[in-house]
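Paired with chain B in one complex and with chain C in the other, chain A is shared by the two complexes that follow.
Presenting the complex of A and B:
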């Protein structure tokens, strides 16, 4: 190419700049993230003039934030954080051994099939799957009659429309999102590393906690984020299974937009939800980093060059 | 209702001038029950707008998008309409007038809906905000089947934008196998909800009804704009009642009642009837039209601005105004459909549980209609706060 340039002096060959490749991604980012989120943030400073106008941006103020921070909504935020954190941890606890087993223990020829089975629930609509659970756990549902016939409970099952029902629903709905990144992380580990660990005298448990798990950490973090973030904003699961007790912020926001027709208040709540997700995420990241660096310091191996030389 | 006047009458505007402004709905059934045509023909047929009538008519489109209350048309009638008239139906449902108004406002004439079913008091403001098309009554040959006592209501004196769809009331039903006491009043509801039935109660997911629950129990006009009373209502609903609520549900009859999820349900009469009829053990449920006061509402067919299939909408309204079709609708939805002679016809057909559909003049006298007033936002705020507090 340089020959060519030299051969025709004065004529510069035009080359598309490198960032052109990223243009579609940028367009997507601006159109589907920056603009809508920006509008929601703008809306949150607006006001609701009357019932036939969902919002007005004539006067901007923090009024909606004051309303959204009303102590009345405290229980809903607490519920949401509780379901979000417990649900994410439950998904991790269930998915971790399963993903490890699938990636390491299962013969490779079965892996594809099993992984496919993990994805089977996604073939059906999210809402329909959740309503399925409503039918199963309702007082006259299958779970109730089986438990009654086994003599485990004497009254019809009183589980639907509770916080625990929401927890069951979110673990069911979000589990595959935890399994997949964990599986990929475990699958990519070089088996020879585990062998080396064993050869050097580490027990199985030690190999898992000190070799496998630290290397799979990016997968764990990805899984936590993939589950926690959408779960915090979920309102379908809580709407279908939660009743009045298991309410979540997502429902409150949806009802501001759909029923109460107070868009600015809904927007302020949405911004606060995003902030609380970010803060919770950062808090856990901070804990994670602190624990990791503490562990590293404890396990640091100092190689004394003088001794090696001797 | 502040100016309570013993007997109230549902009559056309000329007649209402002699009556108090808000006494419109009641006596409806007074005449209906008496089975007379006492007020029939009172200024209805001459009110149809004539200009341009028929000019916009054309072939019936092959699609009809309806935005209505849940379980508000018989599935059989929907199917038969498509089979005999043609348009394919898409039916979406809402839980409250506020929700429907919001969707129409937000989409500014592009909602894609051809029919909406607002409750009376919402119509004037919907018209003022240019959300509704005028209703051309000349395109509805079956309009003459509507019992004239239901025409010319205060919200649309000449039926220029609306045609009556159905009317009903609010009450509750309870599971007698779980609640072992006689219940007759709203106060009974509140008492049982916070004791025996705690945690097993469903409440209508609609701001006006939530607030009405408390105000009716205290025998106060549910449309009061007195902020002291509304603050009292808020205090009770948020701090006392909310923790006992299992679910905010506008249609407990569709799933909750047959599933046995609730012991005590706050419900519109037709929905309670559907719930009772679809339960395995119907005798388990007892319906109560509570005293001392309750609601009367009337929903109306309206065509929203920018409806893509207006001809299909007219065809549908005309179709359901047929007495035979109307009886099928009533049999399913459990609400009075405002058609002449529908009550004797329903009795003759031996339909189930008509005690939840038709009410005596004495009962109707305890019912009062809602309105869209200055307390609207406050009622929405109370409802929000109560829903949030229920999760504690």
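Presenting the complex of A and C:
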């Protein structure tokens, strides 16, 4: 449309193609994202020839993948998946009532302020927040002294550098990424739909599970993805709260690149990380789609009688 | 809410318990969300030698910070990298965003795929991709600029940010009627004048929000920075991260508190700009999360 308008002033000028304005960004992404990631995938088939060079691409093989999955490193992938899935589900369970409350129950004039408050931790440095938790749960920290004073524990709290501490850390760190899309989803919903559901005699629970939640599903899916993907690649939380145990894949990858200088092995681990994120995501998507279609079939409404079938 | 008094009251009496439960949950959540932040700010006033054990109240952490040139230089590196990364990503992202909204074509799906990939790739993958790439460009191919720590930080920080800016600007431009620009063209405005006088002012809130977000994203970036940073150009989160292993001191909490204040000021400005641009709180949340 605008092309025709532009063409009207008589002289037909040469017009740059549509993507011209996006060309600098294209070039940037290709040069510093597509090519480097491609190179890392290539690197994962390479080998570490000697202690002086981080990699060599003379012989390409799957050796690094075999090594990354062998008993020395394999369990870490499993543990990362476990932390990733548990943490993501915990985030959803914790954030769901909170986001609903924030978007629906809180009076509108408070909503902006409270949402702003939720954004504060989101924008506080990730590492700093994690160090904050270290201060709280360390043996000479606040939680320990409070619990000892209350007589709940007699010894200093022994919680830091454990798996549960890492789980606490990741749930905390990625919680805002779950709250925000859920809030947006609930905020968008038309309140009259809930009222209609209520007027038709549905209980509050039923309204939530059959009206509100299905409509907020895009937010739930976005939240799950926003939490799960970075959580799987996290190594800072595990490093600060899990100690040197190295239970997350991210820590292993970092050590291959930063201390062991075995880049091909680290690259293979990074590719495995991406694959496991993708496969898990697809698996859950498949489960979700199946469950949804099963539910839809069960709740199908037969129009001519006006009754809910079965 | 504006219903007659009697049903409203009946309604309220029935609602109460879930409301109370949800409100309690909400308060607990805020306590949970703010606990470590409050602790960090409080412990920045710890006079002990080690951060973890509380000794007494004082501003020693801050004075130590002012006597510590290494810590200070990391802050300056972060601010410099943040400003340049914000300029780069805002320029690239804004142009791409305008093109996405105003020049649709067959290129758009391809570009959106790349944008999405940039946004969903875990940071650690970017980090392990960029480190060998910078070494390759800088050492093997002799492009010495890529051995420079600041250049590396700017490039690394601008990727995600440029994608976010592109989406914000696209959303803004899609929400605006194209007829303004068309009528400017009908009135014989040159493409440049049309862009400068019509398009640019219209997209400005999105551009400003994008720029400030890029700045704060860069300021906070820890994972990629810890892989690619070069000695002498260490940004502050990497400095803090290295002290996690070597021993946390109160000055770490002090620098964290100061950077938190800086980020909050930047975010506050974004919020104001967006609000003046007429965004709802939901819209702001969408913008802030880059969706």
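The criterion applied here is as follows: the second predicted complex is superposed on the first by the 266 of 310 C-alpha atoms of A that agree within 3 Å, B and C clash if a C-alpha of one lies under 4 Å from a C-alpha of the other, contacts with A are read in each partner's own complex, and residues count from 1 in each chain.
The rule we apply is simple: contacts are C-beta pairs under 8 Å (C-beta built on N, C-alpha and C of every residue); 3 or more make two chains touch, one makes a residue touch a chain.
All of these numbers come straight from a predicted model, not from anything done at the bench.
K.L.:
Applying the touch criterion given at the start, work out whether A:252 contacts chain B, chain C, both or neither, answering first, second, both or neither.
P.N.:
First partner only, chain B.
K.L.:
Applying the touch criterion given at the start, work out whether A:116 contacts chain B, chain C, both or neither, answering first, second, both or neither.
P.N.:
Only chain C is touched by A:116; chain B is not.
K.L.:
Tell me the contact category for A:151 with respect to chain B and chain C: first, second, both or neither.
P.N.:
After superposition on chain A, A:151 lies in contact with neither partner.
K.L.:
Is A:201 in contact with chain B, with chain C, with both, or with neither (first, second, both, neither)?
P.N.:
In the superposition, A:201 touches no partner, neither chain B nor chain C.
K.L.:
Of the two partners chain B and chain C, which one touches more residues belonging to chain A?
P.N.:
Counted on chain A, the partner with more touching residues turns out to be C.
K.L.:
Please work out whether A:138 is in contact with chain B alone, chain C alone, both, or neither, and reply first, second, both or neither.
P.N.:
In the superposition, A:138 touches chain B and chain C alike.
K.L.:
What is the contact status of A:51 with respect to chain B (first) and chain C (second): first, second, both, or neither?
P.N.:
Only chain B; A:51 stays clear of chain C.
K.L.:
Scan A:240 for contacts with chain B and chain C and give back first, second, both or neither.
P.N.:
Touch partner of A:240: chain C, not chain B.
K.L.:
In the superposed view, which residues of chain A touch chain B and also chain C?
P.N.:
54, 134, 138, 140-141, 257-258
K.L.:
Considering only the defined contacts, which chain A positions touch chain B in the complex?
P.N.:
Answer in residue numbers: 48, 51-54, 70, 72-73, 75-76, 79, 134, 138-141, 156, 160-161, 243-247, 252, 255-262.
K.L.:
Within the complex, which stretch of chain B touches chain A?
P.N.:
For this pair, the touching residues of chain B are 95-96, 98-99, 101-103, 105-106, 125, 129, 203, 205, 207, 238, 242, 245-248, 255, 258-261, 280, 372, 376-377, 380, 383-385, 387-392.
K.L.:
Would you mind writing out the residues of chain C in touch with chain A in their complex?
P.N.:
18-19, 22-23, 25-26, 29-30, 32-37, 39-40, 43, 51-53, 91-93, 95-96, 98-100, 102-105, 107, 111, 114-115, 117-118, 120-133, 136, 155-156, 158-159, 162-163, 166, 178, 181-182, 185-186, 188, 191, 216, 219-220, 222-223, 226-227, 237, 240-241, 244, 248, 252-253, 256, 259-260, 263-264, 267, 271, 281-282, 284-286, 288-289, 291
K.L.:
For the complex, which residues does chain A have touching chain C?
P.N.:
1-2, 5-6, 9, 17-22, 24-26, 28-30, 32-37, 39-40, 43, 54-55, 94, 97-98, 100-103, 105-106, 111-112, 114-136, 138, 140-142, 172, 175-177, 180-181, 183-184, 187-188, 204, 222, 225-226, 229-230, 232-236, 239-240, 250, 253-254, 257-258, 263, 266-267, 270, 273-274, 277
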